[in-house]
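Take a look at the structure below.
Labels for the chains are A, B, C and D, by order of writing; each one numbers its residues from 1.
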Amino acid sequence: MKHRFTNDYSSLCHPNILNALANLKDEQNVTYGLDKHSLRAEQLIKDVFESPNGQVYFISGGTMCNLLFISYALRPYEAVISLETGHINVHETGAIEGTGHHIITVKGNNGKMYPSDILNVLKTYNNEHMVKPRLVYISDSTEIGTIYTREELINLNKVCQKNDLIFYIDGARLGSALTSKENDVEPGLFGNVCDAFYVGGEKNGLMIGEALVINNRDLQKDFRYHIKNRGAMISKGYILGAIFEEAFKDGLYFDIAKQTNDVADYLKEQLINNGINIKPSPTNQVFASLKKKDAQLLIDNYGLELWEENEQEIVVRFVVSFTTKKEDVDELMAFIKNNI
Amino acid sequence: MKHRFTNDYSSLCHPNILNALANLKDEQNVTYGLDKHSLRAEQLIKDVFESPNGQVYFISGGTMCNLLFISYALRPYEAVISLETGHINVHETGAIEGTGHHIITVKGNNGKMYPSDILNVLKTYNNEHMVKPRLVYISDSTEIGTIYTREELINLNKVCQKNDLIFYIDGARLGSALTSKENDVEPGLFGNVCDAFYVGGEKNGLMIGEALVINNRDLQKDFRYHIKNRGAMISKGYILGAIFEEAFKDGLYFDIAKQTNDVADYLKEQLINNGINIKPSPTNQVFASLKKKDAQLLIDNYGLELWEENEQEIVVRFVVSFTTKKEDVDELMAFIKNNI
Amino acid sequence: MKHRFTNDYSSLCHPNILNALANLKDEQNVTYGLDKHSLRAEQLIKDVFESPNGQVYFISGGTMCNLLFISYALRPYEAVISLETGHINVHETGAIEGTGHHIITVKGNNGKMYPSDILNVLKTYNNEHMVKPRLVYISDSTEIGTIYTREELINLNKVCQKNDLIFYIDGARLGSALTSKENDVEPGLFGNVCDAFYVGGEKNGLMIGEALVINNRDLQKDFRYHIKNRGAMISKGYILGAIFEEAFKDGLYFDIAKQTNDVADYLKEQLINNGINIKPSPTNQVFASLKKKDAQLLIDNYGLELWEENEQEIVVRFVVSFTTKKEDVDELMAFIKNNI
Amino acid sequence: MKHRFTNDYSSLCHPNILNALANLKDEQNVTYGLDKHSLRAEQLIKDVFESPNGQVYFISGGTMCNLLFISYALRPYEAVISLETGHINVHETGAIEGTGHHIITVKGNNGKMYPSDILNVLKTYNNEHMVKPRLVYISDSTEIGTIYTREELINLNKVCQKNDLIFYIDGARLGSALTSKENDVEPGLFGNVCDAFYVGGEKNGLMIGEALVINNRDLQKDFRYHIKNRGAMISKGYILGAIFEEAFKDGLYFDIAKQTNDVADYLKEQLINNGINIKPSPTNQVFASLKKKDAQLLIDNYGLELWEENEQEIVVRFVVSFTTKKEDVDELMAFIKNNI
């Protein structure tokens, strides 16, 4: 069976994660995330991301993290600023609006938002007949696999601070961003540069769960009530606790991401060597421009996602997962050489 | 005191409306809109707009009409298709999202939406990770004072029918649309071409209230429960009933709109004669392009709204109201001649 | 035609109110409640109720006042404490839950809530799997026409302060409470004893509108955005402004309430004199216990509301309105003497 | 370490479930619940519960099942009928109200609801100023461990059918109900007696996940959109699919429940033999009445939940889990003999 490059969550988890779960089997744990594993995992994450006053909540799914934090942070008439391509704007079936909030979209550049985007919004949305912009939402790595530099994040933080905006970062693929060859950001910046962010587990080999970190103490009160109210409190919270404990006790989280990025870099190199046009992306998503016929062949054989289609080209997405091996890339390249 | 051209709801109401209210003073009426005035007004509106199976609800405010109907018609994951400039998208402080629904925006042309806009949305929004497009929202007259032709409305209806979309028309300035010199639509088309629409009263000299008409019988059940649940049921519903009874028993509604359009046409003529560049708009909103200094002078003296500003021009909006007289236009023009 | 005792909002308004409206007819006013009438009315109300730092919003309908303030004041997981018979709990079609909030009900006594009711709730609702009690809702006068004493209100305020609870009073019939013969509360207490309250206009002869007063400065920020977001911002806000300006500039509000109470007292006296058993109620709602046959006769002829029915008795409600005259009571009593 | 009797979800899962997960480790599966394991598990569940036209959704958590189905099934002004003690009413932090719906509570008897409870509600809630009762919510086994008989369920179904009410059963502990010695209900009744129900996994040894079964075809359309909109669509749905496939392919689900009930029956027997007063409960929750001092001792040593406290008695809850062994009961009984 061919390895598929559809996404990074079609495989269960790294073996160590499964072992960590197996180790729970004779325990009786406190429930709802107040167990020893969750508490230790919380501390490990606060240490790595330098958020000593932060609180960490283990949540099932990135959409739920976004929904929970944004609906907690905003008053009814307040809005989110997001890129047009933002995950919350196009791929979450209206979950944010479902909690009552408008999303103001901006175009950005290269998958990233810039202070000027925010300032333009603030200029336009200036009276009570319009929603009140209040929270900036970005993803890192971005929807198209690019990453923010240290300076870019700090600049976004500044404009937020100055304009009383909440800054929230969707880290569904944060591991990939932080272990990219082009990365210049220390994990510790995340505990300081934003009000909240989440550390994606499900797309980084962790079986299930994301770690939502709220740095801002003013946005922590009664958050567990909020989780329960939205139906997202997990009775066996110790499962997610044990997973994240395993992921962060010895750096496994970053090891997985690093290895995945290495294979992705290898894929990019091979694609270029074979004359295939790829978009710049320093993480584990690889976007290639192909002729229609060739694109379809790869979609059929390797489960690629059709990303964009216009008269000139078809862009497909290869996602390298923690289970993708160099051999899988080699097999793919042989197929490409023979068929394209 | 100079007459101001800010909007069409800064003056109370046509004198006949005030008389109709005064006539209520010795009555004890059934409450919550089940009184004889409301019932008669409902029948008059059903007759004029040819909606024999329709139901009519008298509501305070256009935002509330939109909020009520859209939140009733849609399931949580369903979305509205609106122009980017749609009133619900930019001037209602997120009221639609406040009830849980995403708004998908399209660009349209000349303030109007076309079937191709809708079909493009349907092509893009095609899976369960995205909201489900389900309701088409337009305004007639539009936000920039243009009006839909009979053929355009029928074409929108066809594409909605074919694709199981609900078609809803915001008629905040419906009177102005239907009495425009360029209009080719009979009022009766509104009872047949859409699932629901509202007949704007507040911008057409009626003191208070809009008449929401639901043509589609499948969207009427328990609607009064919904009104109450949203806090919008008016205890003294007979007030709105008496207002709309007066407006529709002898055609006053259209008389007011017609006279207002006439004054607006006179204004357009005078502006053109004085070399001022205006946008095509066959209704009571008049958009003129001016130099920055001149625009500011008129804003300060006549309360004009600054509509759009770019490097090339400033567009200001004059709104002719039911209280605007030709003499008021003449006074304005004299000011313009002397100062611009 | 017989005068009906169904409720206190089936008649339009006091003649002075109509005159105040008529006086607007040649004005062009600023819209959305920022006009001179609204501003003056706000100041008058702040003076009367001694809320110098308060903000006043003119709203259409009591359900909307409740919905607006409660949904603004609470976070998603926070709940209201209300009597079982509270208007929000039984007569508003789930409007509060519609904004996301649970209502915790208590039994109270004689239509009133007491500190012990609140303390019991706080004892029970003590963890994050339950809603968090956060706002105390009472009505004055109450659903059964009783009124709170000065001491009772102060005691409720104390328990709220001590337990970080928001205290909100529904004053749909506040005029009747404050002008009752049994009343010992100065209007000025309302600016000091609670976080917010509303002054009912529609049940006190004011045509349309209620005045929501938010005393607590921490609960005022961006409230106008909230009103608009819920669809409740009235474009012609000057109508409500002019009504409340008229009602409070010379004490008309209390004059109407006082006169209504006087007629209600006369009715109670007459009923007692005729051997009819009435419940103690010092305001304009009068509850009488009757035999089934007699109750039905009065319901049919005078529009009384059937309040409660059990095997022993039927309780009907007479409501005295600002238009009810002593002659109407006499006519009713003659009917009773002849038929019961 | 002593075995704790706090609840039935403090232990990870049955060993076979862990094996089933381990077997996924080399697979790449389709995501979002459309994988082969989920599809097979769905068919197995439809077969066991005789719901050939049903649809099955695997969800994380019972609160989420309740929230999802109820918010999908109801229009904004419609309400749930639940026992006062219903899980949704007291232990879900207002999750149902959070989606906009009022809960009407009834007292019931012995933890169960009866047709007369429902009919009384329908009689009271009869106009548009009140919420519209539309969905009946019960739990089986109930909050106090009792179970519904076949006849009781059929009678509830009849009253729902007759009054256009949706009937929904919370089966958090359905396994325990269906394998109780007192049970007279076949699993297949659940596919026929209600519109929807969920089969609890997390309290029956299945690690994570519940299976929501919607029998009524009119309540299935676009349900996956709804799941995503509420943030509850699990990216690695194949995890839950594999768990439920394992649980239902050879009857493991019922084996676990049966064995747990057997140990619970042994506990009840032993408690009675030792003179401890227990409430009748034929499932795995055991409620005992104790003196204050004794209750506290057991709470401290065995993690019992304090269920109810009044002047006469303290009721504590023992929950027997799938990991509880007869030896654990013996150890507990020895402690009781020595200390109480």
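Rule of thumb we're sticking to: a contact is a pair of C-beta atoms (placed from the backbone, for glycine too) under 8 Å apart; a residue touches a chain by one contact, two chains touch by 3 or more.
Note that the structure is a prediction, hence the values are computed from the model and not measured.
Provide the labels of all chains in contact with chain C and in contact with chain D.
In this structure, the chains that contact chain D and also chain C are A, B.
Give a one-word verdict, same or different, on whether chain B and chain C use largely identical residue numbers at their interface, taking over half shared as same.
Same, since over half the interface numbering is common to both chains.
Taking each chain's centre as the mean of its CA atoms, how far is chain B from chain C in angstrom?
34
With chain centres defined as C-alpha means, what is the inter-centre distance between chain A and chain B in Å?
That pair's centroid distance is 43 Å.
Distance between chain B and chain D based on Cα centroids, please, to the nearest Å.
Computed from C-alpha means, the inter-chain centre distance equals 50 Å.
At which residue positions does chain D touch at least two other chains?
Each of 76-77, 92-94, 98, 128-129, 131-132, 225, 228-230, 233 in chain D touches at least two other chains.
For chain C, which residues are in contact with chain B within the complex?
Going by the criterion above, the answer is residues 3-4, 6-7, 9-13, 15, 18, 21-22, 24-25, 27-31, 60-64, 66-68, 92-95, 98, 202-203, 207-208, 225, 228-236, 238-239, 323.
Residues of chain C touching chain D in their complex?
Per the touch definition, chain C meets chain D at residues 76-77, 79, 90-94, 97-103, 128-132.
Inside the complex, what are the residues of chain B that reach chain D?
32, 71-72, 75-77, 128-129, 131-132, 222, 224-226, 228-230, 233
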